[in-house]
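What follows is a set of structures for review.
Presented sequentially are two complexes of chain A, the first with chain B as partner and the second with chain C.
Presenting the complex of A and B:
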């Protein structure tokens, strides 16, 4: 492998990912010396059992969750942006996250469900229903822009049902729901992690398998069809894969906004390409990095308080979107 | 060999615009499709490309009836170039032309050495050697259309269909593109259909013209498509009848439209 520019562009996010991952294990609300964290990881630590449990039971699964969730959301955003040829598409815009939200709201407020597993199940059902609706409409509505608008409308419908539910609910249930609605990478414990990683991982693998149709779709549907791509099948597979990723992450971590929207842009800006051969791996790595970074920033230095994740992701990601929109004439992937 | 042959084709969306259309396109032939806006040029091209089903009649592509050709196979017979500007600025010229190999490559679209040679040759044919690493977003409109033609060449299909490829080009790029299409027909034996509004370059470069006239649009009246060589259609008065209206006259000897500025004609047409 030659050490050229494009290798460097994949190496940098790899190094950043490793550094951020390590930092997530070392830095936390509880101060644990670096040497002790490393000896805990290598299994040679003989000290406070609480430190051991903080690093292995809390920080490690949280970091892995952030990596998987960030990668999943970012790739689903990338696929939606390519499919709809719209730089502002993302899993939250198509109503998939709202569907998951609605599922959770119904479960928490209306059915008074509080067990973790049933909340996950209801998020799955909600996101799945929206996805089925979108797939059904995608068979009828030819234009991708119109389909995007339908997605936005479905999102609004879901939000308005949530508002009505909130209005009728008691204050503590609303509080519980609002807390879930902030998003959180710490909710996936070690025993739930394999399930989460397996489902999200298969979604990521599927995205890699869709690289060829995604590239063809960059040219628009007519050109893609002329290149022998079965447009209908490609659309359904892409939407399905996006739905799996977005629903899984929302179910396990709550709604995490902006990562799916902003990370594909960061990946395009750093690699300078729209070619999915390079864009998909870089988006996966960058998504994981940004999620870890946001997760680190939730910890207030010098205190043991933790900010909600939903307050941090817009601070990192919204400026990226604004930068991209303001500079779009100078960014060649827009032209 | 006959590349495209239609028999009693009826085309249109809800009701037929044209009925009983019999057209043939030979390999090595450059056809220019002329007609006013709304005459149905895109409808005809979409039907020939297989994107729109004919209402009636049958079609043969490279000697095979279209209903027996799988859509994925059709992409090896026919390459297309469209008017619309594609927002794929982040793709390089080489990446775009390499996508022309998609019908021939496997699941991941990985290129063999042979595929790369074909891509190089396609780039050379359109005069874009040296542009490989440029992004589409950095190209002029003319260079962009050329790279899409190179993509169609890399598809290695005997037929290339272009829907108003020169619409957004300046006059020299237009001429250049038409010359290039003529060369592709002559040298590489491609069968090419190109729809255009540019009468001047069409008359000079095409082997054959297809003139589409949708008629007066009455409920049972279908349009007509007249075919012939530029010289033939100019000599027998077809061009004159087709293009002359108001102060515009088709001049068969010059082979172009002229504006009759005599006071009678101008005031006459203004009064109408």
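Presenting the complex of A and C:
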């Protein structure tokens, strides 16, 4: 098989993904020798039961969660950037993750609910309400810019209700909410993983099926309409798909910022194209890689302590965004 | 333009630095020669009390920089005239008649010392548990001052408070409350490393309300009971291992090795698994670290805040991996519901009562007739 440049551009993130995934199983707060990790994975390990539990029930689901969540957030960021023709759009901009935050704040602070399943359910309800609201507005408002502004306003409304709830809450409830708000890939256990992967996976599949209308939207709405694309339907489908992805990831992992905003730019930089045929798979792979990398960096080397995920993602992703703003002309955008 | 911008930045930083040095008390934590006698403070490291000529001086150490003085209070009885030789410090005329208290924990201490009539405002009144205080709030004798992070300053002025008792946080100010001219008394008891150190703050609080003897006797009782229980626990033949709290978000936040909670478990004759974690407050560990080190713990003690009692099913639903811990499998998990118990009211002045719960759990034969009050076995 001959390797041309575009094959290589897919192959590199694939290799990086495999390497980072393996590193996530080997490296953690507890030191487990590489040989032992491999024998645990192959089922031939006969040592400490705790190590087996750490690798199979803690590190493995955490790595899979990071892959799915990173891919989902990144591709939803890409779709929104194309839809709004705005390089700074991301899954958090439409207020969907703020909706999830609000759902969780009401559950944790107002209703004093602390079980994991009810937190997921409340995040989903919050995000779903905002998503329905956005889709409803998208039918009324023709301009994408106006829709974006409405999304931002809904986000502000949700944030302000959260502030009021936090203002009146006791210190331990605020603490509980703040901890949730820092994002975390370790919350999805093995038994919940299939549910999370199935919903997020169907969102990813839908994103792949939307490649054609996404490419058409690059040409502008009028051209896209001339190509036979039903603009209204495409817009609703893209919003629905990004909404499902953002809502699922936020519900299971808490708000994970910056990955959805920054990864599409990394994908554009590496592929040098704005064609979604290539951009969507590379974004999915890069999103998964960046999420795994951020997850690895939450563990302080040589220490038992862990850093919150929400503190790591901006460190990795914010420089990318600054680079993009400074070098915007060199990157293929919506043309 | 950039040069002038840079210059103005430097000036601003210099001004801010200059301001931070004032009022905060940059002097070092040592005494001068005007002291007539000083009271013996045996356990608390955060304050000293000195009897001087015509006034009492209380010096509060900065909990975050223990070589520094955070506040110096000059306490003069209302019935006495002000001595002419008063050194620099914050003047408090005692007994305080109308105090605004930011934390319900300190309010409950003041109530126990018999000074509830002297409290005229409390922040976050919804967390007040005592019947009498609730009654006074209902009658309007105690005002709700709002959240402790941003109290209602106009209300403080309206009720004519003559002192504010607040909890200090590192590098934080008290906002506009500082400009009212009302002395702010810092209640840093929660930063003490030992339970008795924390309890000893009652001696400082009661001094402010002219009830020095009451404070001393309350503390002596707690001290005697705590020491007796600690000695009893020392006689136990075994030291069961204990793990604390549970995972929030991505981290397992638990008391650090030098915290007063860690000290209490040690005093109760238990071996706290994370006693070597540095720090006086809390520390954040990953789930796998806790699992690796605490999987075979004998007991698991946790606190939660919920309207209904927590069950094994609840914590399993929260995280099925909790099942891997020995105490879960052996049903040796004990939990304290801070929403329905008086844990936070009692932790300061009655650590002995909480210690008794711990000893009964860890060494049932030592206190066979004790009835659990805070920590109960999970159902």
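Rule of thumb we're sticking to: the second predicted complex is superposed on the first by the 331 of 335 C-alpha atoms of A that agree within 3 Å, B and C clash if a C-alpha of one lies under 4 Å from a C-alpha of the other, contacts with A are read in each partner's own complex, and residues count from 1 in each chain.
The definition used in the following text is that a residue touches a chain if its C-beta (ideal position, glycine included) is under 8 Å from a C-beta of that chain, and two chains touch if they have at least 3 such contacts.
Everything numeric here is computed off the predicted structure, so don't read it as measured data.
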**Request:** In the superposition on chain A, see if there is space for chain B and chain C together, and answer fit or clash.
**Result:** fit
**Prompt:** What is the contact status of A:182 with respect to chain B (first) and chain C (second): first, second, both, or neither?
**Reply:** second
**chain A residues touched by each partner, larger count belonging to chain B or chain C** = C
**Request:** Name the contact category of A:216: first (chain B only), second (chain C only), both, or neither.
**Result:** first
**Request:** Report for A:299: first if it touches chain B alone, second if chain C alone, otherwise both or neither.
**Result:** second
**Asked** What is the contact status of A:230 with respect to chain B (first) and chain C (second): first, second, both, or neither?
**Response** first
**Message:** Rounding to a multiple of 10°, what is the angle at chain A's Cα centre between the Cα centres of chain B and chain C in the superposition?
**Reply:** 140
**Request:** In the overlay, answer first, second, both or neither for which of chain B and chain C A:9 touches.
**Result:** neither
**Asked** Closest pair of CA atoms, one in chain B and one in chain C, after superposing: how far apart in Å?
**Response** 35
**Message:** Using the touch definition from the top, list the residues of chain C that touch chain A in their complex.
**Reply:** 124, 127, 147, 149-150, 248-251, 253, 277, 283-289, 291-292, 295, 304-307, 314, 317-321, 324, 338-339
**Request:** Would you pull the chain A residues touching chain B in the complex into a rising list?
**Result:** 85, 209, 211-212, 215-216, 218-220, 222-223, 225-230, 268, 272-275, 331-335
**Request:** Over in the complex, which chain A residues touch chain C? Could you list them?
**Result:** 28-30, 50-51, 53-54, 57-59, 112, 114-117, 167-168, 170, 172-173, 175-176, 179-187, 189-191, 254, 298-299, 304-306, 308-309
**Message:** Taking the touch rule as given, give the residues of chain B at its contact with chain A in the complex, in rising order.
**Reply:** 49, 51, 71-76, 78-80, 82, 84, 86-92, 95-96, 99-100, 102-103, 107-109, 135-138, 155
